[in-house]
Structure formats: structure tokens, C-alpha cells
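In C-alpha cells below, several structures.
In the two complexes below, chain A is the common chain; its partner is chain B in one and chain C in the other.
And then the complex of A and B:
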């Protein structure tokens, strides 16, 4: 009788381990922060790149129907690739305001970057040491966060914006 | 009186490095429990990546403003999800993860007990 209990315990442990492995195979191991969609962005204070006396905070975003917060840098090649989509978005859609956060970059290079490629941003802030990126849960650039006037994150784009992402942003704002 | 002042200065000087050492160990402990999200299997403490450097700065700032270890962890979890900490927080979804080791420990003990009892019985028989 005792040995059969032992067998049952061992058997159920094996079944359990197999179940865990099977479940483990189905889980997506690629990390991203898309699970944070639906959460709210927290307090921040973003200083303008050219004027340290001028800044915006989360309260200013409440005035816009939609805000796209985009992290960029002059040294980031994919940022150049996504720039045309940001320009299109700013030219063609009046519902959205675009905030650019210049990430760990030299101020002169950032200004030249915007001069060369055009400035799609309604406000360009500076994040010289990267601390602001942590407040937004960004961990690499380019990264874009679409928030509504309730400050709720409705989309996160990790990596450069492409045509598909661009269309999705437009669809979300309809 | 002079001697008193001298000893009190010595006392405070000896406290300062002790305090900073404590701070350093606390910082290191926090860094070790934070996962570098852009690295392969490295903690923030091990990594020299840009991301790790930024998180270190943020943690230092928060320690300086008097935040506790748990407050820092919950702040970073709210920004990056639970994946950022190596030690997961106790929740409904990972209840099994916390309880299972204890369960296996007890079950293992019971199995050993059963086997030894059985072999004892066999010997006496």
C-alpha cells in the first residue's frame, strides 16, 4: 500500500514537471514592455532642449487628445529611418502632438539632426543622462509611446516606426 | 574639553566611511537583483551597458532621496514589469513558484521516511 502512495507521488511529480516544460515552451521569451499598455505615465518634468527655463510635465499632455512620446538621438540610425513617419504624422494629423525626447545625445548634434531631417516635434526635450527614459519605461531607442488625454499608454512601439506601426497609430486615433 | 572635542571628531570621522560602506553594499545588493534588460543573462551590477548605467543612476538618486529597497523595486516594476527583478514578488500568479520548493522539500522528506521505514521493516522481517 505504502509503495503505491510513493509511486503516485513520483508519478504526479513527473507529470507536473512535464506540464511545466510544456507550458514553458509555449511562453514567449522575448521581453518587451508591451504589457504596460493600459497603465498610466507618471509625473515627469521635461526641459526644452534650447531653453532650460521652459519645460513640460504630465499636466500638459492632458490638453492633447493624443500624444506620441518619441525617444530619438542623432547617433541612432533607426531613428533616421522612422523620421519620415513622424513628419507625416505631424503634418497630416491634427489630433496628435508629438513630443521628442533627445536621449543621451550632444545638444549640437540633436539640433543639426532636426535641421537636416525636419522637425516633427511640438516640443523637444533633453534627456542627457537617460534618467527620464526610465520614468517612461524605455530601455533602448528608438521607442515611442502613444498616450491619450487620460495619460493612459495606448500603444508602445519598441524600435523604429514603420508603415504598419504608422497605420496602427492612425487607426487607434480614429 | 579639547580631548572631548578631539574624540567626538574621531568618532564622527569613523562613522562616515562605515555609512558609505553600508550604502555601497545596499546599492550592490539592489543592482544584483535587477536584470539588465538589454543584456544576455547579466544583472545591472555585472553589466556596463548604457541601460545598466542609467538604471544605476536612477537607483542612486532614489537611495539619496531616502527611498527603501522595496520602494525602488516597485518603482522599477511599474516601469518595466516584473521581469526587471530577479526575485519575483509574491502574487497569485506565482504562488506555486513560492510554495513548490517547500512542498517538494516536505514530499522528499516523506519519501525518504517511507523508504527507510520500508527497508527497516524488511530487515526485521
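And then the complex of A and C:
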């Protein structure tokens, strides 16, 4: 077999791809909720659902003692299930601000959703293509992350918030 | 008991495979022109026992034999009989067994049906195929044995994921597997051809049927998966450019390219190396897809409980396959000289191949890029439909023109006569498009081009069919049907995409919602108990305001008990002109239901034309048989 540049390129590409697959096997295994806890939220910019001129970034979160970032959509049934806990949280606890990120949704549907079920959010951001949610490490919805004023993630909830999760959030804030 | 029988049979087949490799290697050096009788016998035994293994697992599922972990984890006594059987391949271990079955059956059939071909070539094919079989048998035995037992024996099983309890999904895996694993035989044949030097026309003839068979089944398998997604996932879409769908498309592009370039090899005895590359690529891509899905690197409905050790095994096997194939190819590679005339059919077939390779690379990049980025930099992105639509759709326009004209161009060199006919047809296509544009609504420039190209392809195919009827020469018919159907498919998808209506709203029982053309009356709700689930069924009365036609739709919310899951079943009313599509989901702590209503024109025609593409392939198999 003669060695030519083309062959070297082909072989290196394949070796590279296989290497990445191999690494992928490991990384995928390590990725779970716990690895996110303790990490900090990096810079983001979230645009308000009704008003494209209004936005928040990580600087705004520093003002709140605790912030719960909740990913939701009108088409997501479990989101409806967890909604009452979010409402309770915003009514009964003044230490926490809740930010909703509306994930891959139609604007009208999202607004109707909040009109029908009540709006627990201090700020609703729009993430029409799901890019910002990916930035937060959200896999699917509903998902929520609890952040303190140092921007550190102290809890991550995958799936709808239930009574146990709700109590844990309250406990964490004491 | 069943556990012991199953495992012993697997070991037996393992030994038989070794024996086949051994006797075949010995037989390589004998002077006889015929393959030894004993090899046939061994292969027959191997096939029989492999099928027996599979049957015993099916029996385990039918009898709900929970002494097998696999049955315990994936079945339940209350499941209907049909889904008990389908459950056999609805999980990783069982489907791997199915995979091995296809490898073995194809290996035997290839040996049987190619008796006119060179002995060395057949033996090498058998040896390579059996090395593949061994690889997967070891994988089954060491890592994914469906016959592993559990003690104490559980009384009840955990059940099959309800989303998989569906007729389309029961046949989807076997179809796809025949398609994907069927490619293994010409992977082996390609390597064997390199090793034995048995190339050219004869090689093309020996693998032709197998390529077509696997192409047909792949096409059918992909369509069935898509149909399932349409009515089960409840979004009303049918293709999502989801990584797993993409994984199934990659080998399909390669095999479609192969099917076409094989014609050149058979008729003109050239392009040999390229055909070999495509043979190798097709199966390598099938295994790569399987690896990505099974290892859990790609997450989707297809991921069975992921297990990294599984991934490592497939990955090592895959690397071994790729490197040995590449090294053998490079050692045996001989330079070919091509001299194609620009106006010959060869060039058009090559053009098909360039397009296929382009589509393949696009989808490959779209699929792998997020994985690479995640692994190397920990950045997570998702490459969605916009990427594929932007890159692939414009290219479909010239592709369809070539699809129409290509087969009409003669081999070697052709005249200019065709030019007038083409310009005339393009003119008609433009007029028809203008008609649609004027009467039914505005759409983008690109959509205009797509419509024109699709209509052109359709018209051109109809002229071809007319010619066939006058000439009474059926040979071209399957090809024309496939090409025509592709044109129809693109046209219907285009129309469907352009003129679909979608409404999303909340309703209470007794309320009425008016949309542009329809009045939707939520009449009542009833509860139905079924064998393996409980259903909340909504009764909706839909009145078409234009012609006062009344229709009743009954979407369901199903609550499955084992495992406990909620699924939303769409109610679909299919008509020739359009589909009415209604889903409802509950809004907790309120009387409201979230309703999604869609009116999708020509939906049924999308399925029909897609099926006709596959039908063309099957017809070709049958017609060719009659002719031989």
C-alpha cells in the first residue's frame, strides 16, 4: 500500500471521528443533574415575551436573593401540572423571584396559557428556537433551576415540580 | 429452562460459524470448481438454529416467561398477544438477535442463489459474512444475552413502553433491519471481490438483487416509521430531522447512489472502485447509526436504556470493520481510467451520485456536529430543520430535472433531440405552477421552483409511461414509477407544507370554537376501559362552514398502567383531499382541554407516493425475475 496525502487525510478523519465517539460515550455517562449544581450561570440575554426592547441578563439575577428559572411551554402537559406550585411559590415567598423561559412555543399560546392558569413569573422570556434553554443545560421541559445571588446553581429539577421538590426548594432558601 | 436452551443454541451457532469459516478457508485451495457440499450443510444448520433461537425467545414472550430478565423487563401478562410477539424485537437484546438472524439468513441465501459465480468469490463472501456474524454473536453472548435468567422469578413483568404498542411500530424494526442488515451481504461481497479479484460486470450482477431488496425494505421501513410519528407523536408532522431519523437516512442515501452506479458497472463495466466504496459505506453507515442510537449518544424515542459498555463494544467492532475494509481497499485498489461523454447516461447517473453524496454529507454533518461540539467543547446546540431545509431543498430542484432527463439519455453518446421536448414540458410546468400560485395563494420563489421541477418530473414520467404503453416494453416501468412517485412526493409535501392550517386553543365540554373554515363543538367526554389502558375520549363535532359537512372526531388521552404513562392519541379523519387532525391534552386543575386542530391537505397522497417509490423497487425485483 502506497502512502499518499489523501489516504492520510481519510485515516485521520476516521480516527478523529471514532475518538470523538469514544469520548462521547464517557461524557454522556457523566452528564447528570449533579454536575450542574455548583456551577455558575454564564452570560445570557433574555428578551421579554411581550416587549422585544426589554430584556434581562445575569446582572439582574444578582439583585435577587434567590431566582428560580423555569422552562415551560403551553403545549407541555406536565408544565400545567407543576403550575400550581409555581403560583404558590410566588404568592407565599418574597425571597424568591421566578423567571419563566417560554420554550419553543407560539407567543399567542404562551400568553393564553398564562392568562388561563395565572402568571407566577416576575419575568417571562421568550426562547422561540430553544437556544437559550440549551445554554442553561435544559434537556427537555419542564425543568427548573434555582440560582442564588452569586449566580451559582444550587438545585436543578428535571420534570414537573411536585410537593417534595417544592418543600426542598423552601428548605434550601432558609 | 428456556434460558438454558437459548444460550446453548447461541453457543451452537457460534461453533457452526467457526466451522464454516474453517471449512471455507480449506476449500479455497482445492482445485474443484464447486463449493463443497459440507459448507452448504453447515450454513443450512446455522440458519435453522439461528431461527430457532429467535423462535424460542418469541415463545418466552408469548408465555410471559419472566424467568428471563429480558421478558420481565419488556413484557406484561395483560398485553395483547400481538404486542407480546412484537415486544421480542422492541428492546435492545431481542433486536440484536433479529439482527443476527438477518445476517445469517442473508449469508445462506447469497451462497445458495449465486451458484453460477466464481467459487473463490463466494467462499470469501461467506467467510467475511461469518466474521461479522461472529462479532455480533459474541456481543450478544457477552453483553446483551436475551436469555439471561432472573431468580426468584417475578410474578409480573414491567411492561412495554406504551408508545411502542402500535401496529406500525411492530413492523417498523423488522423492515428497517432487513434493509440495514441486508447491506452486510454486499459489504462482505465487496471485500471478497477485492480479495478474489472477481470484479466488474459479474460482480455487479451478483449483488444487484441484494442491493434492490435492501433498498426496498429500507425505504419501506423509513416510511412506516414516519407514518407512526405522524399519528402517534401528536404533532401532526411526519419528518422532524431528528438525529435518529437522520441516522436512518444516511445508509439510504448511500444505497440509493449504489443502486444507480451499479447499473453503470453492469452495463459499461466501469466505476468498479466507486461501487465498492459505496458497498462498504452503506453497511458502515448502518452500523454507525446503530452505534449512535444504542449507545445513548443520541437521545430520542429510539434509545433503549443506554449502557456505555454496549457502546464500547459496537464502537470497537465498528473501528475494526472500517479499518480492515479501508486497508484491504487501498491495497487492492487499481486505477481506472474513465472517459465519459458529457451527454451520456453515465454522466447523469454520476450526477445522481454526486447529489446523493451531497445529501449524505449534509445530513452527516448536521447529525455529527452537535455531538462533536458537545464532546470537545461541552457546548450544547441542536441542529434543527432550518439547517437541513436551507441546504437540501434548493438542491432538490436540479435533482428532479436530472431525474426526469437522465434515463432518456443514451449510453455513451446522445443527440440533441431531447432538448425541444424538455423545453416544452418546462413551459407547461411553469403554467401549471402559475395556476396554483394565482388561485390558491402566494408562496416563496424557492417554492415556485420546487413546484415547477416536481411538475416537470411528473409530466415527463407520464410521457414515458405513454411510450411504454405503445411500445409494450415493461422493463423501464419500475424505474419510471419510482421517479414519478418522487416527483409526486415532493409536490405533495410542498403543497401540504404551504397550505396546512393549524389552530391551538383551550376548550371546555360544551363549548364551541370557530376557526376560519370550521366550527368545532366539544360535545362530551367518555371513559373507556381497555385491556391494557384506560382512555378518556373526547367527542368533537366538526362542521365545515363552507359546505356544512359534519364530521365526528374522537381524540383520546390514554392512561397505560404498565408502565404508568400518559399518551395522547390523535383523531385523524383522512379524506382524499386532506386530513383533519385533532389532539387533546388535559389541563390540570381545570375543566379545560388543550385542543390542537390541523387541516393538512393531501396528507394521504404523501404516504401513497412514498409507498409507490418503494413499490417501484419491488416491481423491479419481480419483473427482472420473470425475464431471467
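As a working rule, the second predicted complex is superposed on the first by the 143 of 174 C-alpha atoms of A that agree within 3 Å, B and C clash if a C-alpha of one lies under 4 Å from a C-alpha of the other, contacts with A are read in each partner's own complex, and residues count from 1 in each chain.
Quick note on the criterion: contacts are C-beta pairs under 8 Å (C-beta built on N, C-alpha and C of every residue); 3 or more make two chains touch, one makes a residue touch a chain.
Since this is a predicted model, take the numbers as computed values, not measurements.
Contact with both chain B and chain C is seen for A:137 once the two complexes are overlaid on the shared chain.
By the touch criterion stated above, A:13 is placed in contact with chain B alone, chain C being left untouched.
Of the two partner chains placed by superposition, only chain C is touched by A:80; chain B is not. Between chain B and chain C, more residues of chain A are touched by C.
In the superposition on chain A, A:5 makes contact with chain B only, not with chain C. Of the two partner chains, chain B is the only one touched by A:39; chain C is not.
When the two structures are aligned on the shared chain, A:129 is found in touch with chain B and with chain C. Of the two partner chains, neither chain B nor chain C is touched by A:52. 10, 129-131, 134-135, 137, 139 are the residues of chain A that lie in the contact sets of both chain B and chain C, per the superposition on chain A. Interface of chain A with chain B (complex): residues 2-3, 5-6, 9-10, 13, 31, 33, 35-36, 39, 42, 104, 129-131, 133-137, 139-140. For chain C in complex with chain A, the residues that touch the partner chain are 291-292, 295-297, 299, 306, 308, 311-312, 315, 318-319, 322-323, 326-327, 330-331, 368, 371-372, 374-376, 378, 380-382, 384, 504-506, 566, 568, 585-590, 592, 594, 596. Contact residues on chain A toward chain C in their complex (touch as defined above): 1, 7, 10-11, 14, 17-18, 20-29, 74-75, 77, 80-81, 83-84, 106, 109, 112, 116-117, 129-131, 134-135, 137, 139. Taken together, the chain B residues at the contact with chain A in this complex read 37-38, 50-51, 53-55, 57-58, 61, 76, 78-81, 83, 104, 107, 110-111, 114-115, 117-118.
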